[in-house]
Structure formats: structure tokens, C-alpha cells
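Okay, so chain A shows up in both of these, paired with chain B first and chain C after.
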Partner chain A sequence: MNQRPIVTIENLGVSFHTPKGPVAALRGVDLQLQAGKTLALVGESGSGKSVTSLALMGLLPKESARITSGRILLRNPQTGSEQDLALAPESTLRTLRGGHIAMIFQEPMTSLNPLYRVGEQISETLRLHRGLNRAEARKRAKELLDLVGIPAAEKRLDAYPHELSGGMRQRVMIAMAIACEPAVLIADEPTTALDVTVQAQILDLLRELQQRIGMAMLFITHNLGVVADIADEVAVMYGGRIVENGPTATLLSASNHPYTRGLLCSMPPAVIDENTPLRLPALPGNVVDPRNPPPGCAFAPRCYARQPVCEQSVPTLEHTDAPNHLTRCFRWRETTHA
Partner chain B sequence: MIWRSLLSRPLIVAGLLILLLMALASLFAGSLAPFDPGKMALMQRIQAPGIAHYFGTDEFGRDVYSRLLFAGRLSLSVGVLVAIVSIFLGTVLGVCAGYFRKLDTPLSRLIDALMAFPDILLAIALMAAFGPSLSNVVIALGVVYTPRVARVVRAVTMVQRELPFVEASRSMGAGPLWIIRVHILPNLLPPLLVQGTFIFAYAILAESALSFLGVGVPPQNPTWGNMIATGQSYFQRADWMMLFPGAAIALTVLSLQLVGDALRDALDPKLRRSV
Partner chain C sequence: MPESTSPLLAIEGLGKIFTAGQQSIHAVQDVSLDIHRGEIVGIVGESGSGKTTFGRCVLRLTEPSQGRIEFDGVNLTHLEGAPMRNMRRRMQMIFQDPYASLNPRMTVERIIAEPLDIHQIGTVAERRARVGALLREVDLPLDSGSRYPHEFSGGQRQRIGIARALAVKPDLIVADEPVSALDVSIQAQVVNLLKDLQQRYHLTMLFISHDLNVVNFLCDRVLVMYLGRVMESGPARLISNRPAHPYTQALLSANPHLGSIKRQRITLSGDLPSPANPPSGCVFRTRCPYAQSRCAEEIPQLRQVAGENKQQVACHFFEQL
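What follows is the complex of A and B.
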């Protein structure tokens, strides 16, 4: 087996132009996606999760956003050749989108065009990338609806989006995304708008499809419960950087970055007993102001373990004692068993 | 849904019926008209409406009723053609300005510049440049009404292009032309339909104004506008020469406005009355 990653993001920097000057949204992001594996990207709003996924899709708004540094290497699984998406022209990106890299969005309610039957919308991708004619595309669309577990697929092809429930619509979105069997699937909070039972079904479905197609999945979420369920590996983002990266089990049980620990502590426990605090602990302070980031560690102003050094220089991503576990903290040794 | 909403109001039904009547009358002008609209009968000049000539005769003894029917053909086709021309040009301009950010500023300024001229003045200037003929009237008025359409189209396009399903389509590898064709144009249809009826009405008025001013359709082809223009000189003696074409214009425009207003309400879910 070739263990080289499908996607390698190196030192990716993205900044947005605003009337008050450029604002850095990503400040050196490193990520790798492996075929058949799921990487969960976790972080609060404004940490750079969505910008990372948009950069990977080449969908950053051209008018305002600019890639300031780094590379996004996409490896072609057939030929093994690599291509830097940060430099690729729009026409190349367009053939890759939907074909090699596909995306599922957060809002199944609005991500389908209300004017078209779902069968037509699934066919859209197939006709764009595979050059299928109407009849062929319809046949394939039916197979896809079967594959994503929609009952009476033949009939549903002719349904309009408003006739389907949220979970069904998300299944349709997934069918559209996997229509061309992409090598990489980006799922941007695909279960946030769904209720919990449907969430679990969608996660099962994604896992099943992943095994079938062997695609790498980048799963963006801020729900740590979902992370535990689906991810092989977790990357935690804060202030436009990855602050901790490691196998899911390590990260959830033996995290040593104060931010990740703060996130984990602010989850309600599954079992409530007399030792449970009445109020959930919350992280003090606010998200980094990207216009005015702190000079040192971005998390330092909110960190319980901060030292003078944290406010002066930015820590690097270091290997910890656990295998494949990286953390961006000067004091990870002290905080590990705090 | 839309039809039910339209047909539930008597005024709208009246408007639609009048339009239908006008259209049919113009269409079958050949068999409905009792006289040849161009045939002069100098012995019967300026006769008041009566049994022989329902709407009287003009200064050359031509039957006003027959001329009115044939003029309707031209006036209504000018309206329809102007609506088509301006919707086509306006949609192209508006979609480009709304979808491609870089084109927005130059195109929007062009649209503003066109809008800064008073409609009729711009039309007169264009007619003066092209020379009077039916097709030139259509082109000139089409250009005059293009900015109205372009503005509406630009606004709708700008809203549409940011919708999640457009981004989803982009993430599937769709290019701008595909997105415009598949996702944006169908959503432009309702506002264009409404704009179309209004432009139809304005164009009939403007054509009349141009003909009245002598820069419109040449007088050998009767239109409601140039009938009024010639009738004007005889207004004291023969008011019917102006009265009937004037009434035809007023009725048509009124009906169009009624239907346009109703369409706007019917196509906008927020304004749609629950039936």
C-alpha cells in the first residue's frame, strides 16, 4: 500500500483584504489526508476551518482572499503525480472539483436548488464530469440514491427538494458529492442541521461509503461527540493554526494542549453524579481577533497555564511522547497530567 | 397557483380580456376591417362616426375604425418587440454585471449613464441617428428600456450567486456559464415577466409619443401614435380622429399595468394573497 497522503497541505497561509488592510485567516496550516481515512478538523467559529476547506476546493472568494504562503498538494491516485492546487488555474480546479474533490455542505435545506427535481441535480455532476447523456445520468442517479439509502429511489428522482426531509436532502447532497467517486470528500459540518438520530445515520452512511470508495475525508465539525464517532485523526485549529494533531483516541483521552483540554472540559458529561459541577466550565475570554492577533501563542490570553514566554513567541508543533501526536504548546509536558 | 391568484380578481380578468380582445382584433384586422385602411375617399372626408363609418373618417376619407385595427397590429408588435429586445439586452448586461464582479463597475456605470437621459429624449436622439422606420423604433426603444431590465436582473443575480446551492454547484465543478444557465436564468423569469408587461405598456406609449413628434413609424403605416398626430390638426372639427386611437392606447396600457401589477403580486410569495 502506498502510504503517501492524497492531500498534503504545507504551511498554508490565507489572508483576506479588508478596507482596514489584510487580515490573516490562516497562518501556516499543515495537514495530511490519507486515502480511506477521516481527519476531523475541530475548532470554534473563526478558527479557520472553513477557510481551510475552501482553499482546498479552490473556492476562496477571488476578489478578497489570497493564498499568501504554502502549498496544497493533491496526489492523483492513478498516476501518483502531484499537483499544487494553490497555483493551479481555475480551469484545472474546475475539473478537479466534483471529480477528485467533492464537498458536502452544512445546510441541506438551502444547498439544493428548489426549482429542480433531485434527480436532475444529481445528474448535473455526472453530466459535467462524465459527459453522460440524460438517460445514462438518470440511471446512475438512481443507483446513487439507492447507495445513500433512499427508499423508492426511482420515485424520489422526480421529487423536488421541498418534498424531502432534512436527512433525505443531506443524503441527496451526499449522493451528488460521491457521484464521481472522488478521492477526497470534504464534509463541512454535514450533520449540524440534523437531529441526533438522523445524525448517527448520516455518519454511518459516510463511513460505509468511505470504505466502499476508499476516499479520504476531511470532516469539519465542532461537535466532539461526532469526532469520536467518525474520525481516525483529529486536528484542532485555533487562531488560524493547527494547535494539536493526533489519533482520535490519543487526542480525546490524553490531549495536552490547554485549548483542546478546555474544549473537552466544556462538554456535558454522559453520566451525571454528585461530583458533577453545577455549571459546565467554559473557556474564559473570546476568540482571537484576526485583525489584531497576539504576538505569541494565539491562545495565551485565555490559557490557564500561560507563562511570559507564551506571550512573546509562537510555539512550534512538537511531537509528544505519544505516537503521531503533535502539539503546539511550550508547556505540554507540564499540562499533560495536570 | 399563479393563474388562480390572477383569476380571483375581477379587475385583472377585465385587463386580460381587454388585452386578448386587442390582440385578436389586430390579428384578424384583415377580415374585421370594413374598409381598406389606406383607401382614400375624398368625397367622404372628415365624416362623424355613424352607420357607414363606425368611428368616422379622417382628412383623406379613410375609415378610422379600419385604420385603428391595422394600427393595433403595429403598436402591439412594437410593444412586444421592444419588450423582447430590452429583456434580452438587459438580461445579458445585468447577468454579466451581477455575476462577474470585475464587470460590475463598468457595466453599472454604463447602465447609469443610459438611465440619466430622459427616456423620450434618448429615443429621439437614437431615431434621429437611425432614421425613421419601424425596426429603428424597436431598436431605439429597446435600448431605452434596457437599463430598467438590467438593474433588476443585476440585483437578482447578485442575490442568487451567493446562495448555498450555487456554491454547492460550484463545488461540483460547474463553471460560470453552467451556473448562469442552470441556476440563475430560471430564477430571473418571474421578475422579467413583470418587467416585460410594464415595458410593453411603456413602449406603446413611447411609440405613440415618437410618432406624434414625427420621428416614429412613418405615417404611411398607421399606428395609434401617428393617428393621434395627424388627428391633432383637426381636433376642433373632428375629435374622433384622436379620441379613438387615444382610447385604444389608454385601454391597452391600463390593462397591461393591471396585469403587470397582478403578476408581481402573484409571483412574489410574500405578497401572494391566500385564496
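What follows is the complex of A and C.
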């Protein structure tokens, strides 16, 4: 039996104001994050995965983005009370960010200030959210650098970000993010810019930290290989909607959504032998343009299984026969064993 | 492919040293490689491995510091002026960033026709016809010619870059990370396109990428580079199934793939050492789980794997691993 989720996103809609009128980036997203578990949010460009994470962080650009529907409920693990972040004022969000919810990005330099020493930046979070004094914060910052596997941590406290390698910066950013032992960690493509050997180290580190702190993790990625490595559960996004959601093993080996299956087939196999096909069974066409989405199922124009109904109405996200597995496809019964 | 024919491209002992003030950086050291007609050879490596510098040296877009490059029997190493320009026509490049490598102020037709203009191939009408044929070749809409790069998606722009490279009917294409910036589903389309073109025209290609799976899938042969040196080379089938070098093994094991749910992997500790100050002996030894004292003293030479005459490994101890 699942415990109550830390985060419940319900029917979330977000639209952006553009000179050519509003563009809907999210069209009713439902997601749940459980303590101690990792949900991977997978999608290609324009699918809405980063907008989802920014909405959860309360970091949508105020001038151009608007939440048009839904709720983002954050449960306080101590009191059990829930609050709706979609309605929360900026002052509340500011208290939650860095404390309850933290985020790491693809490019560490977006969250590290080049002008401040690494130690000062980690200490700032601790002094702000935890009320530690300067000496306590520095001591804790050193412990955090140890924890994220930075050698000679005491010395590194006084380093500037540019003096560190890409992998080390990523570790510093992770140290900042977990400084206050957040209940929720959002990781937006945190390993995409790293070399694979360093990526493997960072994934190991995130897993270890999760076990230690028990945080829920929302891991955003376009790489299904990384998903296999880190996620308990996967949600696949396309055209601003979740199109499939379920346990990692189910999604990767028994997906019944044509888009997920297409993505899986697009990946070159890890092992080459005489049975390797000459061509990859690639999905035709382009990723959906959010400015000009098709009327029915957003994936229909690229789908091998489409029927007239797919071009007219949007399928709902419905339960399949597998446990905890949902799919948004009119034809999932037929495509399951296709 | 018959082994007797001479290779289209023969590179021997290629090296590139960049100097900055007092420092000198060996970006590429002692790389030798033969590519035969119709072959796709992959270079795989992480950042700082020298793979991009190597690719640029092959076309002499970067001047190599050491070694010899022979293209179709002609020594390119010191070729200048018109003879070099002539050779350049036969070697084209595809770049990683389809946004940065296309001039935003030129129509797609002018972009694709530019190499024809430069090398003064054909009349205006012939060039126009050739552009039309190329657009078909790379599966772009035929009205693309009059449009501008910003009107296209990333995958379509990469197709424009490929059409431009094909315009002068080159013998060799050097493609530097051509699919790395693309979405997964689009990456597969472009990989298929490259494979189709290779089969249709018997193209010869040097394909540079950090993605071992893409390289193994697309290429006949693979060179694995680390800090400027070749660690291992061999047919893709062997590299993906039976890698012999500890670095290749670690790369494969770190490379996340669908079968990797809860698997054990060899995790390399630490970062790549600075190329300005590479380790003595074997450059990989500081991160190698099997390093011994000999590895610090002696640079391992590429040696044949017994029974696999096409697989070569630069490791003192690979037989014992």
C-alpha cells in the first residue's frame, strides 16, 4: 500500500503568453511523488517536462506564464497538512524553495554564483533556512562536500566555481540542494552535459543521498537509459500531457503506448551482433509544436496505429491490466502485443 | 571489402600540440588510422579525448603538429593552394550544432549550393537542379530551398547540413557529433539517413561521437580515444561485445542503457586528468582499477588481440583482465 504522496499534481495547465496569442505548454498534468522514490519524467523538446518542474518550484516566469488549471499540493511530512503551491504567494514559495523543495539543473553555473566561493554559497542556504551562524554553517558545508564526494573538502570550500571541473560543480550544486535535507528534489537533466563515466558517478551519488535523506525525486531526462538506471516509476510526456505512467520495469519492457515504444526503438542497441537491424525503427515526423498542436491525440500524426478517432478526440489516461500502469491511447489493447 | 585495395585515407602517427604561453597540450598523440572506401569509422571518447581535434586535423582545418595524412594516395601534410583546395572538395564536414553551422541570412538553396559556387561546379541551372535532388535525398520538403534555417527544426537543419556536405559529391565525410544535439526520435532518423546515404553512394565517413551506442550501431570500425591517445580499436561488433581495454569496458558499463536496471557497473573514480599535465606511462592509469607500477613507467603500445586480427588494444595487461 502506498503512503500518501509528498507531492500531488492534479490537472495542471500552464500557458505562455506570446505575441501570437497564448500557447498551452501543459494541458492537464497529473503526477504524484512519493517519499524515498524517484519518478522519471521523460520527453523530447517541447513536451512540457521542464515547465512541469518549474511550476512545481514556483519558478515559472511571472511576466509570461500563467497557471490555467489544477493544483500542486505539497504535503508537509511533519504535520501532514497540505498546501497548494499554485495559489501560494511568492513569500511562501521562497521559504519552501531550498528548504522543502530543492532543484538541480543541467548546467551547474545557472545555480552557482561565479563571484562567490563555494563554501559561502552552501553556507548561505544553511544560514537562511536553518538559522545557523557563520561558523556552524561552514562546518556543515564542509560535511556536505564530504558527503557528495568532493576530495579535500576543507580546501574546496574556498574555491570559486570556475576552479572546479564540470563533475565537481555538479557535486557542489547537489550539496547546496540537499543542504536542508529537502523532502523533494527536482533534478532537471542533471547529467546530460557530463561525460558518461562522470554521469555514472553522479547517478550513484543521487541514489545514495536519496537513501540517506529519504527525499522524493523528480528526475527529468530525455535519456531512457538513465531512466532504467535511476527511476522507480516513469511518466512519459508528449505535447503537454502525460501519455504513459507506471513502474520502470513495466514501461521499459511492456509499454503499450506507441510513443513510448517508438522512443525505446529509437535507441541504438547496446550490443551489436548479426541480428542487429541495419536501420533503427525510428518514429517518423517531428516532435509536436506546442504552438500548433493537432486537435486529437498529439501523437496521432506520427503514430503507426492511428485511427480516425485519434485525430478527433483526446484519449484519457486509463488503467491497463498491469498494476499501477496508466496509458493514454485509444488503441492500447491492440498495440500491447503488436 | 577487399583488403588489397589501398585505403582512401591513411593517417600515420598524427599528433597535435597546442601551445598557450609556457604550456603545451598534447591534444592528439600518435594516432594512426586507415579508412577504406565505403567504410564508416567511428571515433568515440569523452571530453578532452582529442576526438574533435583529430577530425579537424584530418581535413587540416587544424594543422597537425606531427604525422602524415595521405588521401587517395596524395600526401596532404604539406599541400597548399589550389591542389589543397581541390582535395578539400573531396572531403566535407558535418557539424554538431545545426543552429550555429548554417548562416541564418542565407536561404537553404544558397546554403546547399555554396560549396558548388566555391568550387565552381556547374551552371546556375545545374546547381539549382542539384539542390533539388539533394533536398529529396535528405527527405526535406522540395519548397525548402527558398526558406531560411530558422524555419526548420533541429533535425531538419541537420539534414540541410548533410545536403550541403553531399553537394560536391565528396569521397570522405567527417561528421563531428552530428546527432548529439537532437531529440532521441530525431537522432534515430538522422542515423538512418546517414546509413542509407552510405549504402547508396558507398560513402566513406569518419564519425565522431561521445555516444558509444550510436557509434557501435552506425560504424564498421571504432577507435576509442582517451586523453589524446587510442586505447582500443576494432570492429563495432567486438567493441560492443568483447571490449578488451579497461577504459572501453568502463565506458560500456557506465553507458546507461535499457538493460541496466539494478545492474553492477564499473564506476571510474575521479575526473579526466588535465590534458596539459597527463599522467606518465599509460594516460588512463590514474582511473584504471587494474593499474600496476609498470603502467606509470611505460606507455603501452597498441597490440593485437590474439585470434582477433582486427582488434588492437593499448594496455600492458589486457590478456590477464
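Just so we're on the same page, the second predicted complex is superposed on the first by the 333 of 338 C-alpha atoms of A that agree within 3 Å, B and C clash if a C-alpha of one lies under 4 Å from a C-alpha of the other, contacts with A are read in each partner's own complex, and residues count from 1 in each chain.
Just so we're on the same page, contacts are C-beta pairs under 8 Å (C-beta built on N, C-alpha and C of every residue); 3 or more make two chains touch, one makes a residue touch a chain.
Nothing here was measured: the structure is a model prediction, and the numbers come from that model.
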Overlay on chain A: chain C relative to chain B, clash or fit: fit
For chain A as apex, the angle formed with chain B and chain C - C-alpha centres, to the nearest 10 degrees: 80
Which superposed partner A:M57 touches (first chain B, second chain C, both, neither): first
Partner chain in contact with A:P22 - chain B first, chain C second, else both or neither: neither
Partner chain(s) touched by A:E44 [first = chain B, second = chain C, both, neither]: second
Touched partner set for A:M267, first chain B, second chain C, both or neither: second
Touched partner set for A:A200, first chain B, second chain C, both or neither: second
Touched partner set for A:S165, first chain B, second chain C, both or neither: second
Chain A: partner with more touched residues, chain B or chain C: C
Chain C versus chain B - closest C-alpha approach in the superposed model, Å: 9
Chain B/chain C common contact set on chain A: none
For the chain A and chain C complex, residues of the former touching the latter: 44-45, 165-168, 195-201, 203-204, 222-226, 228-229, 248-249, 252, 262-273, 276, 278-284, 286-287
In the complex with chain A, residue positions of chain B that touch it: 101, 163-165, 167-175, 178, 182-183, 186-187
Chain B partner contacts - residues on chain A that touch it in the complex: 57, 59, 63, 94-99, 102-103, 105, 107, 110-116, 124-125, 128-129, 173, 176-177
Residues on chain C engaged by chain A in the complex (per definition of touch): 46-47, 153-156, 183-189, 191-192, 195-196, 210, 212-214, 216-218, 236-237, 240-241, 250-261, 265, 267-269, 271-272, 287
